[in-house]
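Pasting the structures here.
What follows is subunit A paired twice: with subunit B in the first complex and subunit C in the second.
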Partner chain A sequence: MPNKPLNVMANARGRLLPFSLPFRFFLAACFYQSLMWVLLFLNPDDLITYNGGAGPILSAVHLLTLGVLLMTAVGASIQLLSVSTLRPMRSLMACRLLSWLLIPGVGILVYGMMNLSSLALVIGGSLVTIALLIYALLVFDNLVFASGMGVITAYIWAAILSLCMIVALGIALIMDYYHAFLQDHTFTAVTHMLLAAYGFMGMLSLGFSYILIPMFALAAFQNKKLAHTGFILNVIALLLLVVDLLITKNLLLWLAIFSGLTGSVCYLFSMYQILQQRMRKRLGFSFRMIYLSWCALPLSIVAGAMMKMGIIKPALFGVILLLAWLLMFLVGILQRIAPFLTTMHLAQGKAGKVPTQSELTSELSLKICNYAYIASLLLLISGLCFEQSLMIRIGSLVGLCAGLSLFYFLLNIVRIKRAHAHSVKPVAEARQG
Partner chain B sequence: MQFEYQISRSIHDEHQNTITYLEKLETELLKHGHDKAPDLAEGDLGSIIWQLIPLIEEEIGIHFQFEEESIFPILDTAGDSGITFLLTEEHRTILPLGERLMELARGTRNNTLDDETWSELRRLGIELIERLVSHIQKEEMGLLPMIETLIDEEQDAELSNNYAMMR
Partner chain C sequence: MKNSGDEIETWQDADTWHIDVRGLVPPQPMVAILSLLKSGNIKNRLIVHIERDPVHLYAELEELGWDYETNISDGDQYLIEIRKQANAE
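Entry: the complex of A and B
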């Protein structure tokens, strides 16, 4: 019997969260992204010499990981999960609470990291921790009875388990500033960062790729064996990495790198196979960001190995991992799902012509965002390679342009959605009249 | 995509043909600016515009009618009226758009096209492509997988037969 195709649209409208819920996370992510670029602009020398520790670079890293990557992932996943598992989120109130805690919590926590303010660290850390626990519970509740999603569910479980470890390590790191109980603060911090990037964000982006890429490209996801092999290799790599960082110190690292590289090749080949047999050939400008981010995934693992050998700086590895792979992927995906979700919302119970996705898309801001984003990456990488703080400053300014363009892109969607919602009648009323 | 039932495969094949055509139409429409009508005798544009007529009459008209009369009631009975509501609303937007495009395409019979007509044809053509691709996306990801879970072999044979008769 052929593989049953994944049904991600059945009664999807019934499982749509209020429009404002995912969008508040997306808009907050744009705001925090802009702040991150401002911090990098103000502290280029700190970035070149960064080797861990509190201060502006740690704040910028957390603005990126918590403020941008996590924020976007939470906003997108609470909506996409309920659509793909065919189960609505159990509690809308919990989703709202999650946003009320996470959005300000990140700001307070980052302020604490910047100024080493214990009060801000405790308050911000607590808000973010509670928010992430609520998120983990929401996802757990939604996934526990989900069936037929195979490798997608497996990736999301791995992401949630990583998230629990990240939170635990994060709390330990904050407490260590005051009680100095960790044997090795640096290795714990590196584990926390790598788990956040490869474990939570990475697993989530790999898992959701198997829903989103076939959906946007109109293609089937058929080679499940390859996808499962990729998943197993990626999880093994992550486990080896964590064990190595916390216990064996360098003994298993090269195995982890090899396993991670093979796993990422399996994933990329899976994506290639999906795209090869797609029905829609033109995938639009945002897919170029996704393609580039895919190139950065194995590159980030190679960069990690090079950093370990002392060939490149930790900051360069961080830029390739967080900005070139994860952020670029999220930006590309966000540019597709924001208009898509909006058209679904606009069609809810309203008569009349729903704007098309391209009518919701400000092409100019999308182009500025993507070109500026690529340029800022190149400038940052060059600035780090040649230790040129001016290049990093210019790269940060160009990155800020990209962030603000994305902000405008989303605000424009909100504006059109609001205007349309006021201009059309509910279906029942329209049909009577 | 791999589908078990004949009716899902037929609808899927039509989607594939429609998208192949729409991509050709998109390529041709985007080759020319919106304000100056191109010479239809040159290149493939004329024949591709002409192919809009059977696409809208047969692929879209009959396809939509069959779905609304034979497929959507199965989903409604199974309690999933959300997707049928959404798809029916989209049919109501796409069909008038297609009908207007068909009128414009018929006007190009002598390979003549004024700037104003071209501008409208290009604008509506691009709109049709986007709406239809998005509609097919929803049917491929939602409707067809649902049909596969809701019907049996007997119903499949009956639906396939009815569809063949309509065509």
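Entry: the complex of A and C
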């Protein structure tokens, strides 16, 4: 029996979005990441002394959170959710609209933050807000009837609720620049940032881990009790943190830190158990980024406590939280998910051999990217600890190399995909001879 | 013979084994299929009942020395026929 993949174009195809949709988010993320490194390279002293407020560092932070983290998460999740829940996204047009609003919206918003341009802040803020509401509705619609996803769905709901709060707080912060109605702008900004990092991005990352890590490692996810315990602890930590920042001021903070640390240990132990029983022994170079990011998750909570005690600077906490935990995790995942999704696209309705995931992976650019990330992170942390702007400049340049390598990695996949799409015939055509 | 597991159903029909992995969230279908193949119970043929085209399974099957053929039964249901490769032991 010769190996024959699917011989009829199937309904599963409807669950796959056009190839360009997730990839436009991924490529935009690479572009915004490069801009972020350029901003850090040009403003190292501002990073060392940063304590909040508009300007290049706020712009760099939003390039990272909205431009890189959110962009990657949106691109991956709109495709992954429909594949996992077996329900196609309700509207392809809405997915396209989301990209048309979000990708330029982030650029305009960041420009507004950089130059305190009210017009850019209002236009960029509106575009991003509408895009995020569309995203929240798409996810809600896809998940509301999904079954059998347990803790994954719970994490995604928590992320979407956080997203709604982040958008509301973000709008309030923009309006406060002009109408000064917030009682405490700084605490609102800190709540907005922590909700974005631990609430939206954090919950989304933890939730999708329970699909992606077993999928990449070929392992069953069995200890659901531990995963649920971790979820409950993480949600309690987030609620305590928000209540403390907005209302009780420091009373509940230590409980939040304890709950968050315990929750992250539960999550990490679940991941350890999943990897222990994996069927795929070699996980590849990108998993080293994921391992490092996992170390940074509890470390970021400890760093938050140290910042509260005045031991470390806010910028150092930000670097550990945003770059070491979230960015490293997403880069590691992106390096696996981009070839994974491409293989699925290539396999649909085409005759001929489909390139494997490893054939789509440019090992050299992956290695350059990952080593450069680790080096840039170490340089940034050292630069902040020793207040050396030169180190931050060099770290930013190395980070830029990492971002460009990732960009090449993705472009290479697009190139192979296009070449393969042109070289093989659709199944119906192949049958006709 | 029919064995009902927690969520995954397997049964034997003459010399053919069947596994029904419909309704499972990825990667559970793939893990269940590969675990069954590696268990050594399948001597001749395995039919997989699944509601999606398991495109990532095929490379694993080839590596393990199994041939496969994918067909659609009705609507959204896929039947993957898996056999030992002729030259495999």
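Following the convention adopted for this analysis, the second predicted complex is superposed on the first by the 419 of 433 C-alpha atoms of A that agree within 3 Å, B and C clash if a C-alpha of one lies under 4 Å from a C-alpha of the other, contacts with A are read in each partner's own complex, and residues count from 1 in each chain.
We adopt the following convention: a residue touches a chain if its C-beta (ideal position, glycine included) is under 8 Å from a C-beta of that chain, and two chains touch if they have at least 3 such contacts.
What you see is a predicted model, and the numbers here were worked out from it, not measured in a lab.
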First, second, both or neither for A:Leu92, with subunit B first and subunit C second: neither
Subunit B versus subunit C as contact partner of A:Lys281, first or second or both or neither: first
Subunit B versus subunit C as contact partner of A:Leu119, first or second or both or neither: neither
First, second, both or neither for A:Ala347, with subunit B first and subunit C second: both
Partner chain(s) touched by A:Leu42 [first = subunit B, second = subunit C, both, neither]: neither
Subunit B versus subunit C as contact partner of A:Met149, first or second or both or neither: second
First, second, both or neither for A:Leu390, with subunit B first and subunit C second: neither
Common ground on subunit A, meaning residues reached by subunit C in one complex and by subunit B in the other: 1-8, 10-12, 214-215, 218-220, 279, 343-344, 347, 354, 356-357
List of subunit A residues in touch with subunit C within their complex: 1-8, 10-12, 15, 83-84, 86, 147-149, 152, 211, 214-215, 218-221, 279, 340, 343-344, 347-348, 354, 356-357
Partner subunit A, residues of subunit C touching it in the complex: 23-28, 30-32, 34-35, 38, 51-53, 55-56, 58-62, 67-72, 75-76, 78, 81, 83
Interfacial residue positions of subunit A with respect to subunit B in the complex: 1-14, 214-216, 218-220, 222, 279-282, 343-344, 347, 351, 353-354, 356-358, 427
Sites on subunit B touched by subunit A in the complex: 1-4, 15-16, 19, 23, 26, 80-83, 85-86, 89-90, 93, 127, 130-131, 133-134, 136-138, 140-146, 148-149
